[in-house]
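Both complexes shown next keep chain A, but they swap its partner, so chain B is in the first and chain C is in the second.
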Partner chain A sequence: MDVYVLSQIVNGLIFGLIYGLIALGLTIIFGIMRVVNFAHGEFLMLGGYALYLFTVTLGLHPLIGLPLSMASVAAFGVLTERVLLRPIYTTRIERPEEYAIILTFGLSLFLQNGALATAGAYEYTPNSFWSGSVPVIGDLWLSGDRLFAAAMAVVLILATLLVMYRTWLGRALMATAQSRVGATVSGINAIGMNMTAVALAGLLAGAAGALLSPIFLVYPDVGVVPVVKAFVILVLGGMGSIPGAVIAALILGLVESLGSVYISLAYKDVYSFLVLIAVLLIRPYGLFGQKERRA
Partner chain B sequence: MWSEGDYRVTAASPIFEVEDASLAFGGNRALDSVSFNMVAGELLGLIGPNGSGKTTLLNAVGSIYPLSDGKISFERQRIDSLSMHEVTRAGIGRMFQAPRIFPHMTCMENLLAAGFAVREDAESREDLIHRGEELLTSLTIDRFRDTVAGSMSGGQRMLLQFARTLMLRPRLLLLDEPFGGVHPKLIEVMLERIRTLHEDGLTIIMVSHDLPTIMGLSQRIIALANGKLIADGTPAEVREDPVVIDAYLGG
Partner chain C sequence: MLVVENIVAGYVEDVDILHSVSLEVRKGQISSIIGPNGSGKSTLVRVICGMLPARQGEVRYDATKLSGTPAHRMAELGIAYLPQERTVFPHLTVEQNIELGGWTFRRDGARIGKMLRKVYAQFPILAERKNTKGGDLSGGQQKILEIARALMIEPNLLVFDEPTVGLAPIVAKEVYDTLERLKAEGMTVLLVDQNVREAVRIGDHVYVLELGRNKADGARDAFEGDLHALIKDWLQI
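This part shows the complex of A and B:
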């Protein structure tokens, strides 16, 4: 296998892992709150700007800047839930899903234009996590930032899976996702679970944004393309399925890079949709979506 | 004049009190100044024609719908302004007509989700699993311990929901049509369990359209019609009450 193909496969997997971070957060919010967060790309953007703020403006080490950026986006997510989304659950508004769609769409536009107005239409470069390149396999060299991003993504994805499947909190989140009323009559605070879900998604999106920013820089609409990919992953993996999101993210990353190698780079963003269409024709509930017995 | 019966009722202070509870959806008064008390260990049957407010009353107790007026207290604590999970943690277990189970979890995971939320400090995961196994066995669904709940039948889901509710160790149990769509054999299992719980002193409110069963099981019946309480007495009294007969036949 020549180095170019190998590098594309490795790059595809790295992108898949980052997509995974974004899609996991979307899936968790959707699963628990039934809200499709159209502002998720802007959570990512905020993560990038936060890393710039912490590493360049405040001069902190990037390894300190990363958790701070993640926490900042999580805090912003919690604020969003508390102020904008909670009325869906605590008051009896009609058509809560539509309300949430319009609201998160509006928030997305507001944040993009807010960034444009305050930071300007410039690209910001936060400090590198790991400058320089490293040999990976044979003649294949990768930038330190890409390797760091991939490694952190693996750690964060595994940590998320651990929380979801091995802790009481994860059980409570999943219970809430499967039956809100069932969860509350089991003593689980469903409103608290909403907040936890948004915080968790904020941590992951903040991490994705911060990890990508030294490589691709930060600008107001940096989150737009990645979040579209994450929506494809959400449907591909099966709406609300956590393992589905991770596996679909890796598949998407690989399909994009291999399509660029063997077909054409120009259609990079089209391949994911072709896969999506194919999967939906064969398994309309996605790769890991579950069909349920109707009793 | 003090009869022995009167003395007993006044001496046992009520554990559960509903006072002038009203609930309006727009102009429709789903509950209209409903008041009644229960003493500990009572098994109360709640009857009434469709749309009379039975489920709405249970939903008001569970804080699913906020009251427009009036108050509800349990163990001397106001519960009508608590949120839903706080009502559960206050000791009130609720079963729904359509079982609200967690479909992608196994039966045991369903029970653990509830068990963990209200566990006592000293209770380990093993204790909870052990208690869950006992409940599944007592409701004859122990063979489904590791079965994904969503693959079970409606009746089996109802039993699972029952087990999950009991996992909370409720001190007041609200049963909404627990026998609806359940196989007669499984109904026998549930009835047996309800009788045992009642003998053990659990306070229970049960809603059912199955009048022979509910009349046979309950010590006391209250009847609702159009959101109003129209009768409160022993099964024999309520069965003969002309207002109740009229509500059922005329409604």
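This part shows the complex of A and C:
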């Protein structure tokens, strides 16, 4: 296999892992709250700006800046839940899903334009996690930042799976996703689970944003394209399915890079949608989809 | 044990479902609430268990004021609430479902294990099917699973809303037998039921609601004779 094809496959997997971080958060929020977070791309953007703030403005080491950026976005997520999303669950509003769509869509526009107004239409470059390049296999070299991003994404995805499948908290989150009333009568605070879900998703989106920012820089609409891919992954994997999101993310990353190699680079962003259409025709509920529950 | 005083409540602004309802559940007894459709039975237990705030009135549980207590705190207080709708976690196994009933003492692994064994001993069918997904059980088995999950906290008070609605008669009998067995073990039960005959048969004290108000109440013996007349009156024939 020549180096170009190999490098595309490796890059595809790396982006698959990063998409996985974004999609996992989106999936957790959707699974527990039945809310599609259209502002998720802006959570990612905030992660990038936060890394810039911590590493360049405040001069901290990027390895300290990363957890701080993640925590900042998680805190923002919690604030969003507390102020904007909680009324869906605590008051009797008609059509809660539509309310949530309009709300998160508005938040997305607000954050993009807020970034434009405060930081300007410039690209910011946070400090690198790992500058320089490293040989990976044979003649294939990769930038340190890409490798670091991939490694961190693997760690965070595994940690998320561990929390979801091996802890009481994860069990409670899944229980809340499957029956809110059942969770409540078992003594689980379902509203608290909403907050936990958004915080977890904020950590993951913040990480994705911070990890990508030294590679692709950060600007107001940096989150738009990645989040669209995360939506594709969400549907591809089956709405609300956690393993589905991880596997679909890797498939998407690979399809994009292999399509670029063997068909045309120009249509890179199209291949994922072709896969999505094909999957929806054969399995309309996605690869790992489950029966529906509503908010 | 449980005192409900002059509760006024409803779902939509300015529309009261309960106009003023009072009742008392005595320790070690089964208290049944009966009444025709729309009499406010389910609304009343939703208020008692914190799922719906009361507009007026008060609910007390021993010395604790329950009004204003969020629903998820009831388990800590020893109150188990079994709503009318299905609340099994369909994609978790039977065992995971039951374990989650012990959420409030999740840090005490020994107690979780002990209670799990106790619950399995009471409901052997669940032990047999412990690795089955909750959603794959039959309707009756799901109801049994909900009861088992609720018993994990060793509740002092069981609030049970329409336990047998939609169940086959033979399964319904099993549910009622379970309730009687729990009562024999000292459990206090508040039962809401459309199955008037059964509710009166196993109830020590019966409350009748009509259009969100107390219509009558009394010990079982007083009702058994009048049952026919009562139902006739509801049906207005």
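Please note the rule applied: the second predicted complex is superposed on the first by the 290 of 295 C-alpha atoms of A that agree within 3 Å, B and C clash if a C-alpha of one lies under 4 Å from a C-alpha of the other, contacts with A are read in each partner's own complex, and residues count from 1 in each chain.
Rule of thumb we're sticking to: a contact is a pair of C-beta atoms (placed from the backbone, for glycine too) under 8 Å apart; a residue touches a chain by one contact, two chains touch by 3 or more.
These figures come from a predicted structure and were not determined experimentally.
When both complexes are superposed on chain A, chain B and chain C end up clashing with one another.
Look at A:189: by the touch rule set out above, it reaches both chain B and chain C.
Look at A:125: by the touch rule set out above, it reaches neither chain B nor chain C. After overlaying the two complexes on the shared chain, residue contacts for A:143 are found with neither chain B nor chain C. Residues 168, 171-172, 174-175, 178-179, 181-190, 290 of chain A are contacted both by chain B in one complex and by chain C in the other. Taken in their complex, chain A has these residues touching chain B: 168, 171-172, 174-175, 178-179, 181-191, 290, 292-293, 295. Those residues of chain C lying in contact with chain A across their complex are 11-12, 49, 51, 70-76, 80-83, 85-92, 96, 99-101, 103-104, 106, 146, 149-150, 153. Interface of chain A with chain C (complex): residues 92, 168, 171-172, 174-175, 178-179, 181-190, 290-291.
Listed in rising order, the residues of chain B touching chain A in the complex are 62, 64, 83-85, 88-89, 93-94, 96, 99-105, 109, 112-114, 116-118, 150-154, 157, 164-165, 167-168.
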